[in-house]
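Paired with chain B in one complex and with chain C in the other, chain A is shared by the two complexes that follow.
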Partner chain A sequence: MLGLKATMTIIDNSGALLAECVNVLKRKTGHGLATVGDEIVVVVQKARPVSAVASQSATALKIRRGDVRRAVVVRTKKEVIRPDGRKIRFDDNAAVLINTKKELLATRINGVVSADLRMKGWGKIASIAPKVM
Partner chain B sequence: VKVEIDSFSGHKIYPSRGRIFVRGDSKIFRFSKPKHESMFKQRKNPRVIAWTQVYRRQHKKGVADQVQKKKTRKTVKSQRGYAGLSLADLAAKKAESPAARLAAREAAINKAKQEKKAAATKDGKPKAARPAGQASGPKVSKQQMKNAPGKGGR
Partner chain C sequence: MATALLNRSLRRPGFLPSIARTLSTASASTSSATLPSTVPFVQNAIISPSAVVLQPPPRMDRILKGKGLMAHINQTLPSPQAKSLLDTLFNRSHPDRLLPGSVLSVTTQHAPTNFSGVLIGVRYKGPDTSFTLRNIIQRTGVEMTFMVCSPALKDIKVVHRAGGGGGRQGRRIRRAKLFYLRDQPAKMTAISTSIKRTQR
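Here is the complex of A and B:
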């Protein structure tokens, strides 16, 4: 249940560490809440310093503080109900960065992701993740 | 259908019941009731909460009713014959009485002595090559030597 101003950790190796939700891309409303598998717009609040190599190159991924990017929610503290009736909740909120074409910006994910991603059509993220619950 | 067990109380959790909590270190905790989940959140130790299975097992509650089936392992000793002595011969030897055994032994001794005596008198000529320190004269049986006058037993 992530809405405006909700903070979450970014669990891929794009360079961003912490992000704040700015918009939930579900419907044209402004008061939507995002759950696992929803696309959101985030502002990067904390990022790892861009390496010297990356800052030289024009094509390398450069994520800096204050960047506005898109992300997919992969873990929520609010429980999600599965079709078989199970309810799963995680210890924190987490997301991974994507681009407007729904492609992952990063190459690796570390940590657990929710299996609901597959059901919402983010099978690629689920397959890269080291552990899917 | 897999029936899970509650991480706090040990109760059974049937499908579509309860909640699953995935902790930051990826450890999974299952709860069948909000009560158990609340206790867990309060960081209570199930070992001191009297209604949990952990506590009951620790304090051995309700175990006396269960019948403990003791499984005794009995080793069966089996007699086997071996090379040189079949099972039948083995049994026969076992069945011999001490007296019979003694008599058989005596007979065997006597028989051996007779055979030795016969062999000694047959080739009475001394064997050509004889290791030093042995008898210099003709091969003489112990009995003959014992009976020979003036000659100490060898």
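Here is the complex of A and C:
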């Protein structure tokens, strides 16, 4: 249940560490809250310093504080109900950065992700993740 | 609606043999239940219970009025496997019930197929009974709630029973819901490492 001003950790190796939700995309409901597998627009609040090599290169991924990017929610603190009645709840909110073409910006993900990603069509993210619950 | 429920309960596997036993007129010495013989020229015809004319439950008229309907549904709706779980592990007054603080390992049909964790709460609601397990996976706390009567739930293994004795087993836990474990990472890491050790 992530809406405007919700903070989440970024669990890929793109360089961003913490992000704040600014908009929830493609959500037909009026309340505009994102759950696992929803695409959101985030502002990067904390990022790792961009390495000297990357800052000189034109093509390398440069994520800085204040960047506005898109992300996919992969873990929520609010429990998500599976079709057979099971519920899963994580201790924090987490997301991974993507581009407008729904491709991952980073190359690796570290941490658990929710298996509901597969049901929402993010099988690529679920396959890269080290642990899918 | 009540007739649909009745039809469903009559199709339960345990229902007909119990009727067959009550209708049997065989002596106590015979081991197998022989039914009253409707086959001519044969003394002890063993008629399969499926051939018995179905009798509705003794208080069907009450159930159709709605009296005792929920008790009837609670008895007949869960599958036999789920009913055995509800009668022993997830029964409020059974001596072998699972106390919060027990460590369980659950096998399910869908992903994740195996989940182990400490039982932090049981919600006793008859056929809707559910329980929550908590574990730390890759430095993130994960809680999963399972429905006891779900056919997707294949197996529940008790890794460590929470007892009341004290001593090596530890003091009795004085809560029904252990939500305080969410704020105690030290206790949770101890529990999760012990789970990992037992799984190896």
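We take it that the second predicted complex is superposed on the first by the 128 of 133 C-alpha atoms of A that agree within 3 Å, B and C clash if a C-alpha of one lies under 4 Å from a C-alpha of the other, contacts with A are read in each partner's own complex, and residues count from 1 in each chain.
Here is the rule we go by: contacts are C-beta pairs under 8 Å (C-beta built on N, C-alpha and C of every residue); 3 or more make two chains touch, one makes a residue touch a chain.
Since the model is a prediction, treat every value here as computed from it, not as a measurement.
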item	value
Joint occupancy of chain A by chain B and chain C, clash or fit	clash
First, second, both or neither for A:Ile88, with chain B first and chain C second	both
Partner chain in contact with A:Gly123 - chain B first, chain C second, else both or neither	neither
First (chain B), second (chain C), both or neither touched by A:Lys131	both
Partner chain in contact with A:Pro49 - chain B first, chain C second, else both or neither	neither
Partner touching more residues of chain A, whether chain B or chain C	C
Region of chain B that runs into chain C when the structures are aligned on their shared chain, from 39-47, 111-119 or 129-137	39-47
Touching both chain C and chain B, counted on chain A across the two superposed complexes	75, 79, 84-92, 111-112, 131, 133
List of chain A residues in touch with chain B within their complex	75, 79, 84-92, 111-112, 131, 133
Contact footprint of chain C on chain A as seen in their complex	75, 79, 82, 84-92, 110-112, 115, 130-133
Touching residues (chain side chain C, partner chain A) in the complex	108, 110-112, 115, 130, 132, 137-147, 150, 152, 182
Chain B residues within the chain A interface of the complex	15-24, 26, 28
